[in-house]
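Paired with subunit B in one complex and with subunit C in the other, subunit A is shared by the two complexes that follow.
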Partner chain A sequence: MEKQENKEGIKGWLNPGRYGIERFAYWLMRLTGIGLLVYFIAHIYETSTILNGKAAWEKMLDLTQTTEGHIILAIVIGMCVFHTANGIRLMLGHGGIGVGKPGRPDYPYTPRSINMKNKLCIYASIGLAALAMMYGLGVMFGE
Partner chain B sequence: MSTTQISEEESQTIVSSPKSIILRISRSNPQTGTAKSFMEFKVPYEKWTTVLDAILEVKKHFDHSVGVRYSCRQATCGSCGMIINGKPRLACFTKIVELNSDVVTVEPMNNFPVIRDLAVNFDRMFSTHKKLKPYIVRDDSEITSKTKEFLQTPEEVEKYIQFSSCIKCGLCNSACPTMATDSSFIGPQALAQAYRYIADSRDKGKNERLKIIDEPHGIWRCHFAGSCSMVCPKGVDPAMGIQLLRGYLLGFRR
Partner chain C sequence: MRESIVMKVHYGTALGAVALVAVHILFRLTQEFSKSLQYESVIANYEFLPYALVLELILVLISIHGFNGLRVILLELKQGRGYEKAVTYGCIAAMVAVIAYGSRTIILASMGMS
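And now, the complex of A and B:
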């Protein structure tokens, strides 16, 4: 069916370079969303080990204190910050805020919804995520 | 793969410069089960040569069976959309020089069923467009009303005029990442047209249209990736229309 329809499929999401930073943000939003969902499920499993007693809980906590555990947590921090900051931009955009005002288009027809405000918000979301990750890594490895 | 070349005497293009490109044309025919493959041709070009001109050169001199749809050759009929060097564009509105490449690859648009080679089937896009009532909905008409005309201020016209430039070329639907995985999605083309009529001060069909788009494969599937607006050749900016339209459903607009 997919072939008949000539649908781009998931590779259309995974190939975000062609349509500017907005499509890259779309892809990152999907990726971080899936990542956070996986983390959420893992987190429930992690905290549920407390039901098996103190020893099992501490064994699980020790796992998060390894280098790998710290790196994974830093990635989770980055995903969380990007998803939140970009999510706020998208929520405002979905309400029609920051997408420009309609008007007679003029050649070369630069779309008003693809504007500097949105681009800056995307760069800021990526920047904030990077800063938060560095801060998190500093705290975790500085202990 | 060998590349076929047009002799200088045969070429339609007046060859004042020795510039040429390799035109790679995607060939496929789902009806006969012919899988996608590429044919390569060396085509001369000038600074005014469009991708459509180059394809027509190939049809004229080498292989008239190349399947391509076109009509106006001036970005008006919306027939000649295709993927040119990886991006959906109108072949008649894309000059070879602006691609900055010695190789130009043309493929059928994504997210539409392929008829043959570069021609795709627009049936679903047109029926979705029609479903959203692309006309002024109201009980009276300009013929029956006392004033004879439904007057609008220039400000009222500005609210929808850009969306009325849509030529139904389908480039936006082809670029949309939601359409890439969900063929039941209404799509940026039709959603932008829903906004065009809802924003028209003469129209009274807002509630009917909002009901149609407020469904699982409707407006909520748009995640504002903006790719539709990046490829639209007429400045329609469907992404803006969709977000403004969503404002009606979220209560930001009346």
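And now, the complex of A and C:
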């Protein structure tokens, strides 16, 4: 039974709950990373149509410069900002900045590295992503 | 290559990409967003050599960072000698293909071959 519980595979990886905001940030970091990689490949394909001339480029713009296209781009902006801000937090953490001093593990065994500073950074990253999305929507729809 | 060096490359490419993508976005905002996407405007961007170099650098940096990130995610999901080798070489092959395809667009467009 215990062995089965530990073998959740992708389903377990996809579940962002149970372990607090840090687990949610871990999940969001990977999800935004995959999303951005998919967008990056699509963007390279999209821009390659310029080699086929003006008509092909405008046909591609007709496909992407729509309300749905703008909403997808706004989501990409949000993913990009969260991935960047949370990535900087992780880089600093891996360098030992903001993770606190090591100490004896006493009950209730709260990890020192998972502190309020880190939590605040995660919430700030989500907030920044939301603001950037709103700004992006303003630029794309405000014309 | 040692995993610690791979992670340093991962972080280095991330920082480089953030700075250059900021330049790329600012270029879109030098004029109205829809006007900046017009054919003549985009071709002019490609023909401006420093900007074409920025695009090439972004392509290389994000490809390395993105496919290494994908490799890390896939290795977190499952481990094993054969699987790890397949994931690593698969990601390298995909990275090279994306860089080659993107470079083709940048080189041909900047030489006015569109």
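Convention: the second predicted complex is superposed on the first by the 137 of 143 C-alpha atoms of A that agree within 3 Å, B and C clash if a C-alpha of one lies under 4 Å from a C-alpha of the other, contacts with A are read in each partner's own complex, and residues count from 1 in each chain.
The definition used in the following text is that contacts are C-beta pairs under 8 Å (C-beta built on N, C-alpha and C of every residue); 3 or more make two chains touch, one makes a residue touch a chain.
If you're wondering where the values come from, they're calculated on a predicted model, not measured in any experiment.
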Touching partner for A:102 - first (subunit B), second (subunit C), both, neither: first
Subunit B versus subunit C as contact partner of A:93, first or second or both or neither: first
First, second, both or neither for A:20, with subunit B first and subunit C second: first
Partner chain in contact with A:138 - subunit B first, subunit C second, else both or neither: neither
First (subunit B), second (subunit C), both or neither touched by A:112: first
First (subunit B), second (subunit C), both or neither touched by A:7: first
Which of subunit B and subunit C A:47 touches, first, second, both or neither: second
Intersection of the subunit A residues that touch subunit B with those that touch subunit C: 9-10, 13, 94
Subunit A to subunit C touching residues, read off their complex: 9-10, 13, 30, 33-34, 36-37, 40-41, 44-45, 47-48, 50-54, 57-58, 61, 65, 80, 84, 87, 91, 94, 139-140, 143
Parts of subunit B lying in touch with subunit A, wherever the complex brings them together: 30, 86-87, 108-114, 120, 158-163, 165, 175, 177, 179-181, 183, 199, 223-227, 229-237, 239-241, 243-244, 246-247, 250, 252-253
Subunit A residues touching subunit B - in the complex, by the definition given at the top: 4-10, 12-13, 18-20, 22-23, 25-26, 29, 90, 93-97, 99-100, 102-107, 109-114, 118
In the complex, subunit C residues that touch subunit A: 7, 11, 14, 18, 21, 29, 32-34, 37, 39, 42-43, 46, 59, 62-63, 66-67, 69-70, 73, 76-77, 98, 101-102, 104-105, 108-109, 113-114
